[in-house]
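Each of the two complexes below includes chain A, the first together with chain B, the second together with chain C.
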Partner chain A sequence: MKDEKLCPVLDSKKKTVNKIIDLAISESKKTNKKINLIWLEACGCSGNIISLLNADDPDIIFFLENMVNLTYNNSLMRKEGERAFEVFLKTLETEFILVVEGAISTKENGFYNVIAKYNNKYITGMEAVKMAADKAKYVLSVGSCASYGGPSAARPNPSESISVPDFLDREVIRVPGCPCHPTWIIGTLAHIIYFDKPKLDEENRPVIFYGVTIHDRCERRSYFEKGLFAEKLGEKECMFKLGCRGPITRTVCPTMEWNSRHNWPIGDNTPCIGCAREGFPDSMEPFVRF
Partner chain B sequence: MNLKFNEFSRLNYYRYMEMISVYPWEKNYYRNLYYKEYKKLYFKRFKNNNLKEFTLEELSYYDGSNGRDSYVAVDGIVYDLSLEATWGGGTHFGLYAGKDLTSQFKGCHQDMRSILDKLPKVGVIKE
Partner chain C sequence: MGKKIVINPITRISGFLEIEVEVEKNIIVNSSCSGMLFRGFEDMLKDRSPLDAIYFTERICGICSTAHAYASALALEDTLKVTPSFNDRLLREFIHGCEYLQNHIRHFYQYTLPEYVKGPDFSPLLTMDYYDYRLPDKLNKELAKHYIQSTKYSKSAHEMLAILGGKAPHNHGIFVGGVTVNIDSEKFIRIKSLLSSIKDFSKNIMLEDVYIISKYYSDYFKNGKGYGNFMSYGAFENYPYEDISYLKPKVFINGEFFNFDKSYISENIYNAWYTSDKLDINPTDENTKENINKKGAYSWIKAPRYYGYPMEVGPLARMWLSGEYTKGISTMDRTIARVLEVIKITEILEGILKKIELINTKQSKYEIPIKAKGNGLTDTTRGALGHWISIEDKKISNYTIITPTTWNLSPTDSKGLKGPVEKALIGTYIKDLKNPIEIGRIVRSFDPCVSCATHVISDKYKPIKIRLL
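Up next is the complex of A and B:
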């Protein structure tokens, strides 16, 4: 009781987190109906689906069993070939969320990125995304390629790739990152499933995960303020002079951290390369400046 | 204590307050104020002095690599971007420091003087 009187902020901090966790748990128990989810990979590297497998609290098993009905994904589904694409077509008849990973290759009518062969006809990534996006309830572009073009659209861009929001005429929620943090994907989807779409910023990113810059919450921020800078990798000071992109990249990496909250790039002595920023990787080069 | 609040006495005052403060957070608060003031004064030095003249060759030395300062010229005036948060390692969205970037600046920021006014000036480009 005495502590509460001394500092009410400290006490409310503990309660706020608990409140949010309790709300998430109670909401997840309330709804029995699972919404269908199509996870479409266009011109990408499968990095985001692999990142999603590393999720915890909730983990991928809970996500698949209790939150969504993942009908189509080229990496995780059991069916293959034409039978797999039939599932995709069947899901289009229902209510579903579309998640796109990878940029849209547009050269030669999208023929640089073929995702299926159905009735002796090649289905391009461009065609499949267009087909699904027309009917989807929500469209999420997960990863930097889908959100901004990313490495797929990097110079010289031989496949003429563009981002999903550029390709589609409808609202697309951007969840960038290379790869995207599993918690950001599941968090955004959970908000959509249990409530509605989350609060978005001017670039259509969820504010809860992309609200502050890495520089704002960086563990080496005090070194920056004092003007102490690392001269080579491995030193403990601020890596700003080595070309850190923390000040222009908005994510919650410093507080959430990666690999089940073990570590993150700056904690591991590498400067931020701005992977969740528009223009990555061309505009973010050089990644380290000596 | 009869202190006249010009910049230097302010520095002394913050140092004094830091010394006599009992609580760590209070000490920290005054230490931060001190460093903020110190930084301001440090850059004011460049403003008050006669501006140095740079040739483009001399300017190219200050490209931000190897911990050097990063200077950039816009409209003939050389600005110090060493502590500008968006210029990590002397680079900014594919641009490198140590050059005259007038056209690039106008291409992206139009004629936003407010950006330039905040930056410390270190010199002018020699014709």
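Up next is the complex of A and C:
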């Protein structure tokens, strides 16, 4: 055993080699030309970034290691304070994609939603989105607050929130959902990164995820056709009469399901509440009616 | 006047938070925490259908939405006089337990670990300006790998939640009367298998990781203490079985244990922008009015107090009150308690699985009373959460929410008592004023959820700083 210590020079050489390999690997990762991504959390619940962490094939690690260079995100980034916001500013000088989750709170010049303090000045969500959107290659509004106002703009809309497309004077790809399904986010970004802009519908949603109504592909459709309706939650029939918004909501929920395809709201014997739709939540209520 | 340090944003938390401290001779002598987002959920809830409160209040928070669904369902059951079946209650507890696991694992690895461990080597964790990272290279690499590995298990926790609750975040399965799922053997074995892998990870990897960190950062056993007053509304309680019971509502004040009494909860408005005929407001009272011009006030957040005391809530409070962890009260103890609680919760969930029967949910049609009041108080991931609901004309007439983070980040009250996080910061030694990493470490040990804490502030506001402390 003691023989191993006989040659300290050899030992140190071995270590040096390892160190160089490690350095090379980490340097190659740094210079890997992935597109930069700013993921701004604005006026919302930060539930879309949590949903992204639930992504499955590709998962969040593949996404971060191979698809994008996520430079700025409040929930995940190591840096804090001014040093964090400096990264945001630096990214603006590069080619990047902007994801916004949360609505734009416009009341009192945006001061209901302050995201940073820089050089003694408060930076509002509104200001940060404007700054980044002016320079971003693509802008995605992820989640229903960013896409349509969503719960943040629910009546009486105390924060005077509006959607990102309403706020910006440029093209915004809407990726709604409350929260957005991680595969819809990563799938949309994958199209942009590896191909080009995905085909969008009249509301600027990627057709692959928002092309067909839930009702059209619902596993309970046959009950609807036969006129068999559930009268309370927990029953197996069509929940149209309980207020299901599947007929007016376009998402791939029935075929993709949620959380690594384990389940989805209708699979859990509850109606669709139209969370990915314009007008959610106000015009989707009551969510359940007897 | 000492030197001022401002950190905004405090990243790796849910929501937007600014911390400002005043430092004299490297010691924090004063501090303030500011929530930086306002949405106004309590105003939005007025006039909505009471049953919608469950799904609606979930939207307050993306990381702990199940907690709001759970408290809201309890409040509605209290109001509508509905009692869930035993099996449905167990399933709902299980769903809530999944939320604890998801939260704690993500808080420890994604939010806390980067304070003490370098890497992993990808953006947004990669940086050139590491400071005060003490782990030897080999251990550091191992823990950075666990950051990556952990994402599988926090995701699994949400998968279990979705199997029983439809989807996560923002589940559908928690409802008045318990749950909506009809449990069968296929669902049962899926969650059992996922739970088993989470338990293995927490026992064999996560626990060791927190002890490694605590060994190299043992000075963090000496800061961040705060008042040392704890409160819990109870968690996994009211069961005749020990293996699925955690703790009953309890408080610990000035070194003594007391039974909990919800009538002692009040919100002090001395330093908050509200006026009323009294300083201490009962959560069901509606007689506060916002007043931005109120002299001396500096916060939109009322200061919740229990019998006049600011209380710390969360995993350390629960572990302390239940006697599961009594080693100490500090930044590091808080972090250790959170990890130990992951193991505790996995054991309780295993116990629940042993008692679940494969029977359908007992959902029914619910009649909304013309006029009624109720509340739902429960402990959840970050501590004590309360929903108070009033119904008039079959609609919500008032809805009050006091979240765990509101307790922890509360402002100074009329007696001059500071909130728990502020108290925990004061007296801290900052080694390097250019890199005041101690502040973030202490604040994050409380796992603040500012999305939750700042939903309640009023709608009238001028563009000046919102201060919670």
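What we mean here is this: the second predicted complex is superposed on the first by the 258 of 290 C-alpha atoms of A that agree within 3 Å, B and C clash if a C-alpha of one lies under 4 Å from a C-alpha of the other, contacts with A are read in each partner's own complex, and residues count from 1 in each chain.
One rule holds in what follows: a contact is a pair of C-beta atoms (placed from the backbone, for glycine too) under 8 Å apart; a residue touches a chain by one contact, two chains touch by 3 or more.
Since this is a predicted model, take the numbers as computed values, not measurements.
In the superposed model, A:Ser163 makes contact with neither chain B nor chain C. In the superposition on chain A, A:Phe229 makes contact with chain B only, not with chain C. Of the two partner chains placed around the shared chain by superposition, neither chain B nor chain C is touched by A:Thr183.
One of chain B and chain C touches more residues of chain A, and that partner is C.
In the superposition on chain A, A:Thr251 makes contact with neither chain B nor chain C. When the two structures are aligned on the shared chain, A:Phe290 is found in touch with chain B and with chain C.
After overlaying the two complexes on the shared chain, residue contacts for A:Lys241 are found with chain B alone; chain C is out of touch. In the superposition on chain A, A:Ser141 contacts neither chain B nor chain C.
By the touch criterion defined above, A:Glu80 reaches chain C but does not reach chain B. Within the superposed three-chain model, A:Ile115 lies in touch with chain C and out of touch with chain B [touch as defined at top]. Looking at chain A, you'll find residues 231, 285-286, 288-290 touch chain B in one structure and chain C in the other. Against chain A, the residues of chain B that register as touching in their complex are 32, 35, 39, 64-67, 83, 85-86, 88-91, 93-94. Within the complex formed with chain B, the residues of chain A that make contact are 215, 225-227, 229, 231, 240-248, 271, 279, 282-286, 288-290. Those residues of chain A that touch chain C in the complex are listed here as 25-26, 29-30, 41, 43-51, 53-54, 56, 59-61, 64-65, 69-81, 83-85, 87, 105, 107-109, 111-117, 122, 150-152, 154-159, 161, 178-179, 231-235, 258-260, 262-270, 273, 275, 281, 285-290.
Those residues of chain C that touch chain A in the complex are listed here as 6-16, 18, 36-40, 43-44, 48-49, 51-52, 55-56, 59-63, 65, 106, 110-111, 114, 121-127, 129, 148, 151-152, 154-155, 158-159, 161-173, 175, 180-182, 190, 360-366, 440, 451, 459, 461-466.
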